[in-house]
Amino acid sequence: MPRKSPTKAKQPSRLITASRELVDDVALANLILFDHEILDGFGHVSARHDKDPQKFVMSRYVAPGIVTRADIREFSLDSEPLPERGEKHYSERFIHGEIYKARPDAMAIIHSHAPPLIPFGATGAALRPMYHMSAHVGLGVPIFEIRDFQNEGQMLIRSAYLGRSLAETLGDKPMVLMRGHGATSAAPSLHLAVYRAIYAALNARLQMEAMRLGEVNYLSEIEVETCLAGVETTNERAWALWKKEAAGKKR
Amino acid sequence: MPRKSPTKAKQPSRLITASRELVDDVALANLILFDHEILDGFGHVSARHDKDPQKFVMSRYVAPGIVTRADIREFSLDSEPLPERGEKHYSERFIHGEIYKARPDAMAIIHSHAPPLIPFGATGAALRPMYHMSAHVGLGVPIFEIRDFQNEGQMLIRSAYLGRSLAETLGDKPMVLMRGHGATSAAPSLHLAVYRAIYAALNARLQMEAMRLGEVNYLSEIEVETCLAGVETTNERAWALWKKEAAGKKR
Amino acid sequence: MPRKSPTKAKQPSRLITASRELVDDVALANLILFDHEILDGFGHVSARHDKDPQKFVMSRYVAPGIVTRADIREFSLDSEPLPERGEKHYSERFIHGEIYKARPDAMAIIHSHAPPLIPFGATGAALRPMYHMSAHVGLGVPIFEIRDFQNEGQMLIRSAYLGRSLAETLGDKPMVLMRGHGATSAAPSLHLAVYRAIYAALNARLQMEAMRLGEVNYLSEIEVETCLAGVETTNERAWALWKKEAAGKKR
Amino acid sequence: MPRKSPTKAKQPSRLITASRELVDDVALANLILFDHEILDGFGHVSARHDKDPQKFVMSRYVAPGIVTRADIREFSLDSEPLPERGEKHYSERFIHGEIYKARPDAMAIIHSHAPPLIPFGATGAALRPMYHMSAHVGLGVPIFEIRDFQNEGQMLIRSAYLGRSLAETLGDKPMVLMRGHGATSAAPSLHLAVYRAIYAALNARLQMEAMRLGEVNYLSEIEVETCLAGVETTNERAWALWKKEAAGKKR
């Protein structure tokens, strides 16, 4: 079925107060990240509400690859749905609320199980910036060890407490790896969040290859800074492509 | 040709006594596992009959990527087709019958040659749980060495005797690797069997990468248990996605 | 453009004397091998003429991914087109003619640059049978070193002399690796040739992974023999799938 | 949306003086290189103007995967758009102008971030010709270290000065790797540029695999020369395939 079938279900919920543009972009970000194998049946992407910074928007309990604008909901920074409609939600939504609280600069958050990042989280090998597209990796990528925060074997961020703990480990960095789980990133815009997620995963893949080839010459600190100021301003060029690809795909 | 062409051949056989839902799900599981490169032209997936636990349902002799509901047949636990219609069947169907006999908890069985699992079976390197999506791997994955059960060079499970031997090696575990051949898994539901097969293969891929990066910090025993009780309850979210993808694909 | 558009160009040439079935199968084998990344813009697949063993059929000078039945031509065992129509042909067609001369049992020949095989040819690492689907690899895979037969830097089999040299190195084996070039295989049927090409490449991929994991437990001699007598009889199950996939694909 | 929708926007700009064939080929080269994962949302491909060697043609600021003939523009060898229409252009267009100045033989230039090349640039490991399809790699592939030409952390070729520096490092070679960035290649024709870009990346992938397998037997100097004179003359066979694939794809 083509995604554009003009059913009512494909309209945003009437209870949504964020702009139509933001709602569409969050739905689209789900599809783009799915198409680039950053998200699969799991993971989630949110954006801070564009009219009320004390809220964020995110899909209800749906696999990223099939999210439509009709699935987008609003949440308080305590990660509670607004309004409560008795629907099922991602149990790890606390990741989003707690990071939005701790990071006023964060306008979008992605939680993924992107495969190339898992081996770094599981071994503690440092993810470092291989090339100019992934300069943000050079700002530092801490690893979240959930065992430091509870001893019940929990791997999921199913409470405000664990969400806060994750936010603390993230600190002011763009991304945190979660040992045995995945990664979470916070970015100054939704488009940039998507761009960074895609290129962080590619950096990880290339770094694994490069480490087997020889001593890797990573980006220097000044190169990272210069790239962040320069290369990253080009991300709309890619967004236009990704949007067209995602929209044109049969779902 | 779209799969939905309303030909009679696409109706379930009139001789089927299992529910339409189960028949459809087994056909769908074939397609999903094919789309995720767990099955290719070979391998098979079965489910225990939902009205008679002394039977199971599985496709007749057809490559998984093109199985439709019309191909689903019923088998006794001796792995004989019911009724016998002179059709060709998978020579390794004994895998299914013998495991259903030995494991009353098994509601679905998958036999695959999933590529990422083959190197583990062939080297004896232990497959271990890399991340929360693959916690079931942490319950233990024995390796079946067929040379221990015959000395004629047979690699296929073409007899009840070899099926029983495989079932014994599997024991109460969720999966057994078969040296030089593939893997077989048994799960408490068909949906969970599909989910586990996909994430076991991804775990294998990631573990091979991680082992080259450094010392791997695997899930602990308590983490495995907690994930099995928690993460695995989310598999229907992925099933909805996989079903939509498989149904929408041109075959 | 769908491949089935009923243009005259899509009919076999009137000069073809082989059966329509064989012509169709050779065209289809091109597409299947392209879809499985065994062939790309280069490589070729032929079959011995089914009415005259002193001829073979193969595409004219066209990339495998877009070969249709209208491109199939007939050749003498001296690798000359029959009749000569002033068309362009693969410069390496001598591979085919010379092997058909040397190997009366060969009914189909594939010359490919299948990527996973190249590292084996270039390093001399022995390709060995990792699993039951690739048992034919266990019959031995010699490496053709073209430097042993000329010293002009030629890498292509552009003469009957080099074709004979390749045939000699192949001997009675199912496949020969060509250093810095690719591989050539000869099989008792076209369907089996396609099957073996796909699984030889997969074996190569898995063997590279396994060798990094630990000591590999390869198939024994008796296992190879048993698999050749057993597993390989199942290749029509896969052919039915591959045919459907290739036919249904937009080209 | 199919690319062929007959909108005015899909006609070449009226200000274009190059031949329609060249404009179409440059647009097509963008799509082909995108489809083969040489370009993604970034990178660019240009051709020297076929009526005025003091100009080149290239897309305006658009991601390669969605370039159409309507996006192609003309540039002076100082990399300035002709005429200036106030449009946005690739900031790294100086790569093209400066290499066309320095290399009268260059008829086409590709700047990419092809993933398999990045680890070679970042480690300094020598890219060497693994097989006959990639013989041009054997002419030598220097590495451009941008730190040798400025100390501001710049990674992009955003000035004529850096373009000239890159052209100098390239010298008379077919390709230069750019540390932490990508690669740039210059070729005697656009079709050959595309062919070489695709097979250089494949060579890189295969070389990484082969180096883990054992000592690699690379092409010798005379083999490189012979392949350049022979194998490379076959690139139109692949171009016909790639063109058909790119044209038939939904964008």
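Each chain carries a letter (A, B, C and D) given by its place in the written order, and its residues are counted from 1.
Here is the rule we go by: a residue touches a chain if its C-beta (ideal position, glycine included) is under 8 Å from a C-beta of that chain, and two chains touch if they have at least 3 such contacts.
Keep in mind that this is a model prediction, so the values were computed, not measured.
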| item | value |
| --- | --- |
| Interchain contact steps from chain C to chain D (minimum; 1 if touching) | 1 |
| Most widely separated chain from chain A, with each centre as the mean of CA atoms | C |
| Equivalent interface positions on chain A and chain D, same or different at half | different |
| Equivalent-chain rotation between chain C and chain B, CA atoms, steps of 5 degrees | 90 |
| Centroid spacing, where centroids are CA-atom means, of chain A and chain B in whole angstrom | 32 |
| Chain A and chain C, separation of their C-alpha mean positions in angstrom | 45 |
| Junction residues of chain B - those touching two or more other chains | 212 |
| Chain-level touch network, classified as line, ring, star, complete or other | ring |
| Pairs of chains in contact (touch as defined earlier), listed by label | A-B, A-D, B-C, C-D |
| Residue ranges of chain C touching chain D (in the complex, touch as defined) | 1, 40-42, 61-63, 65-66, 91, 113, 115-116, 118-125, 147, 151-156, 158, 179-182, 208, 211-212, 250-251 |
| Touch list for chain D against partner chain C, complex | 129-133, 202, 205-206, 209-210, 212-227, 230-231, 234, 237-242, 244-245, 248 |
